[in-house]
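Both of the next two complexes hold chain A, though its partner changes from chain B to chain C.
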Partner chain A sequence: MRKNKALAVPFILWAVLFVVVPLAMIVWYGVTVDEPVPCTEVLLDDGTIGYELEDGTIVDTKPWQKKAVISLSNFKRMIEPTYLRLLLRSLKIAVITTLICLLLGYPVALILTGKDFKRPALWLMLLVLPMWMNFLLRTYSWMSILENSGILNNWIASLRDAIPAFDSWLTNMGVRRKIIFLYNENAVILGMVYNYLSFMIMPIYTVIEKIDKNLLEAAADLGANPVKSFLRVTLPYSMPGVMEGITMVFVPAVTTFVISQLMGGGKVPLIGDIIQNQFGKSSDWHFGSTLSLLVMVVVLAFMGALGHIDKDEDPVKEVRIL
Partner chain B sequence: MEAKTILSIKDVRVVFEDGFVALGGVSIDIKENEFVTLLGPSGCGKTTLLRCIGGFEKPNSGEILYKGENIIPLPPYKRHVNTVFQRYALFPHLNVAQNVAFGPDLRGEDKKKTAAEVSRLLALVGLAGFEKRKIASLSGGQQQRVAIARALINKPAVLLLDEPLGALDLKIRREMQIELKRIQRESGITFIFVTHDQEEALTMSDRIAVMQAGQIQQLGTPEDIYNEPLTAFVADFIGDSDIMPGMMVRDRLVRFLGWEFPCIDEGFGENADVDIVLRPEDVKLKPADDETAFGPLGVVESLLFKGVHYEMRVRCGESVVIVHSTHARQVGTRVKLTVAPEDIQVMHKSESSDAVLKKHAARAK
Partner chain C sequence: MKKLRKLYIGLIMAFLYAPILLLILYSFNNSKSRAQWGGFTLRWYRELFADEAIMAALGTTLSIGLLAALLSTVLGTMGAVALFQMKRTPRKALLSIVNLPMLNSEVVTGVSLMLLFAAANIQLGYGTMLMAHVAFCVPYVVLSVMPKLRQLDPNLAEAAWDLGATPWQGFFRVILPDIMPGVFSGFIMALTMSIDDFVVSFFTTGSGVSNLSITIYTMAKRGISPKINALSTIIFACVFILLIGINMQDFKKDPRSKDKVEQVRIPY
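And now, the complex of A and B:
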């Protein structure tokens, strides 16, 4: 046992250094604000103005130092409508993204685990393969596909030129020559779905794959047609994978800022963008930390609710026993 | 009155994707209310045959007729058969009652009626009052009973049981054998039971099909199979036996162990090579100096007490014969081996003869 404990030391060090300490710093920054070092103006003997600090020393230029003071003013600022609206929009986009990922990912996982499906590992790898490329590269690729004079618009344009009927039909529908795909919420959602879809497929695939095939045979034996067998066996047993997939997609979707900046072109700012701004341009680490805490609480509440649903009808524990 | 045939399997062949012939043309007729056991070593095709009947395996050729209708094109959920799976395949997220009610619930039957039926069946399998229990909290034997109740509630015409007692320990297995037989009698359902345990097969079955390498070697009542094995393989697989090569000198006279024994078999021709099967309890040892006894001489090599009887290894020239007797003879005793003519099983050489003979010859070393 002692040996095992010794093995845990590097991890504990790591966790303390890179999880506990930064978290504590965020909390500290979040509940404090910078205030100028307190001083009072005094008239000096030579007729110039000096500044007297708290400890009585007198300096002749106004001190530039700032001092962190515990204050809840950032919390007050946080609940201003501007920020809450951003948070709501982030949540909305994250929920939509998660739902789309679920609706696309579940059938894919189901098809891949089908008993007549040949070489599922290869297909799974093909699905995950794009994820081996840099995230920014992938997002920029989408931008060059979708931008106003991008690949997609060019294709549509040449299709319109080639097929007049198609052109007039689109014109009648009120579709412009150049369709604006980018720089709106839909583009942001597309970017997120593309980037996070495999995080939904993988856990669901893993769980469905592990379902005892005997159970499916038993269901069929007892009179369940494929649809009923799916509803009564596959679906309940795949719920742990669904929950995991939802978490894996929802959490990064709530906090992302790169996708919204690239695909949204800054027109669809999310809470992540504002937080990033606070640490960058505005260099108000305190308010950035406060907003981070807000997002953290929201995510924790979300996962708590999810975990609660999970526990209510928990086939997992028993599946593992088998 | 002759019972009606409920299931007729005609020349069913199953070849797996890797070319392995799991079933090489199997035919068997199963009657209503019959308890038929498919018996054989692992890999003999018995489970594959069961899966074909259940609808989980599609034969490459052949027919499976249920009351005259070929059911091979039907998916499992449209067949009048239910299966008790080897590892039960109970639904762990449902409790005992929900598991048993799975079939009726699927059909949308009346909940109250189903609940009553569930209780009746749980009582039948000896699990009265277990309705609310979780599957994970049940012992293997109890899970087994739930699986049987879950299959029986659908009132199948035929119940398929795939080594259902394999995971149970000996004592519970014995109890379950008696239980299953009782359930089968009371429910009046045809049971097709798969096992590799010959004792289980002999105890429970109306008829046994001994299978090997995708073929039925012999089909018959337990008594037939035990007393009149058709091939050396069957004799070897069922019960203890001494199997050795022999030669049919002429009708009613066979030579083995260097001695010519009178027997009751005819029609093998003269000087024909045959396999000889002796049941250890049929070999009687007589004192070497007994003038009234006729048989080859042997020496007792070892003596084991087995509870009901003693098991002795008697060396007779190159061979060793296993003898069961309630009368112990000390190691080193010279004895005469005698066998009554009707206790000598003479059989034609078969494909599996060589392997079986080799195995038995190895005992003499």
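And now, the complex of A and C:
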């Protein structure tokens, strides 16, 4: 193909300006802290108080600008138990979410690629369709199902009234009239599983669908039962999809700050919440950047462990939605 | 066994759709409270269109979505072609840069762009939100155009140029039509990403400009107005009808027996 260098210019500009520079800024903010401009109070001739800067100039008002100084103090702060505990909790919740998504999602992909459904494309579309409704709204809707006077509690209550045996059984089990579903870790996990399940199903489906059916037939011809041919053919061949799915669920799960705020009601803060806070209310951009760096490293380490990096020159993620 | 498998899919579908059906139901509920059913009404649908804040947010969402999708499609397509023409080493380097925003979490992307705008002393608002959206949509376009370029027959474009076409003519008359499906799916993907985005928008907007996601986020603390439910029901219905329409042909056939149909990729 004849080269057209002009095409590359805007693209490279984009890459530098919107990818490289912002990341460099996070690194810079992460390794620096704000320090007030050093000055000493001096009594001026007219009796008021002035401020003498390092270079000897005297100003009337206290200099408000701060200057960034390279310091690792935010890294020290980051490994304080408070923040480490938050990071561990984020990791724990993300791992549990990913496992549940895998356990729920793999069978879905497997069944849809099987012979049970005549129109798998339609079913797949139905699986993705919920994603077109704003995810905040969907999560919020879960809250109205699960809240104390929500639908689920109402149903359970009316079931209890209708069936006394059920009521006494629940009472014996120590279940309260109003079950508290929301505002704990389980609620956050539910919210994440709900939001990210499709991310797991799609890549696995795509990979399983592409497995050469002759392989399965050959396995059957050679005497493998369905379980064995699943374990020896389908499962190993679907691993790339599984890895992709794990990444697609794990990365947002580690860093989300919305689901934990809604489903956790602020009681289950995750590392993402702290980052958001640093750029909002607390307004400590330096510490926020340090935490962002931490999250980036965690995510990259995770992907490295999964063998995602540098395996393929152009990782193309193909998924059908339509 | 077969029944069991169908039951399983049914349960998963119920899990996915329960909150959505509930939302749709609430949009017809003649009561502001979520706890009780006050009878059927179309009130929220009427009031929706009179609500200036929601309409403004919808306008922002749609205009940013379309503009960001358009700009990132142009930029991404140019980028894909440029990448394709590069030698191996620079291409690899640039591709890993392209992949970075996709590997990074949204929070990091949002925060890093916010720092960029702050450093450049750009007032946060509509413009910064649009730039941020273009920034994170470009990689998706690149990744959906690249495979189409690889399938391209290089001789065709060469022939065009040999027969006297200018480089641009060759690009527009020969290459572009062939990679159009990839360009189109990149556009759709960018549009979806942009419309659904919350996190990046949250960090890069300011001075009162908010899209639907941000409006919903702000509302969630006080209670979401049923008008939002009504709006979402309308959007959901439109997408549903659109997708069914586009795929009618597809559903009739078993995909295993048919030729490869054009695949639209979504970011997952």
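Just so we're on the same page, the second predicted complex is superposed on the first by the 295 of 322 C-alpha atoms of A that agree within 3 Å, B and C clash if a C-alpha of one lies under 4 Å from a C-alpha of the other, contacts with A are read in each partner's own complex, and residues count from 1 in each chain.
Operating definition for what follows: a contact is a pair of C-beta atoms (placed from the backbone, for glycine too) under 8 Å apart; a residue touches a chain by one contact, two chains touch by 3 or more.
As the structure is a prediction and not an experimental result, all values here were calculated from the model.
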{"item": "Dominant toucher of chain A (residue count), chain B or chain C", "value": "C"}
{"item": "Chain B versus chain C as contact partner of A:A8, first or second or both or neither", "value": "second"}
{"item": "First, second, both or neither for A:Y183, with chain B first and chain C second", "value": "neither"}
{"item": "Touching partner for A:D116 - first (chain B), second (chain C), both, neither", "value": "second"}
{"item": "Which of chain B and chain C A:I26 touches, first, second, both or neither", "value": "second"}
{"item": "Which superposed partner A:F18 touches (first chain B, second chain C, both, neither)", "value": "second"}
{"item": "Touched partner set for A:A219, first chain B, second chain C, both or neither", "value": "first"}
{"item": "Partner chain in contact with A:G272 - chain B first, chain C second, else both or neither", "value": "second"}
{"item": "Doubly contacted residues of chain A, that is, touched by chain B and again by chain C", "value": "313, 315, 318-319, 321-322"}
{"item": "Residues of chain C that touch chain A when the two form their complex", "value": "2, 5-6, 8-9, 12-13, 15-20, 22-23, 26, 34-35, 75-76, 78-79, 81-86, 92, 94-95, 97-101, 103-109, 111-116, 118-119, 131, 134-135, 138, 143, 146-147, 154, 157-158, 161, 167, 170-171, 175, 192, 196, 198-199, 202-203, 212-213, 216-217, 220, 224, 228-229, 232, 235-236, 239-240, 243, 246-247, 250-252, 254-256, 263-268"}
{"item": "Residue ranges of chain B touching chain A (in the complex, touch as defined)", "value": "54-56, 75-77, 82-83, 85, 87, 89-93, 102-103, 106-107, 134-136, 150-151, 154"}
{"item": "Residues of chain A defined as touching chain C within the complex", "value": "1-5, 7-8, 10-12, 14-15, 17-23, 25-26, 29, 104, 107-108, 111-112, 114, 116-123, 125-142, 144-145, 149-151, 194, 197-199, 202-203, 209, 213, 248, 251-252, 254-255, 257-258, 262, 272, 275-276, 279, 285, 288-289, 292, 295-296, 299-300, 303, 313-322"}
{"item": "Complex contact set, residues of chain A against chain B", "value": "212, 214-215, 217-225, 228-229, 232-233, 236-237, 313, 315, 318-319, 321-322"}
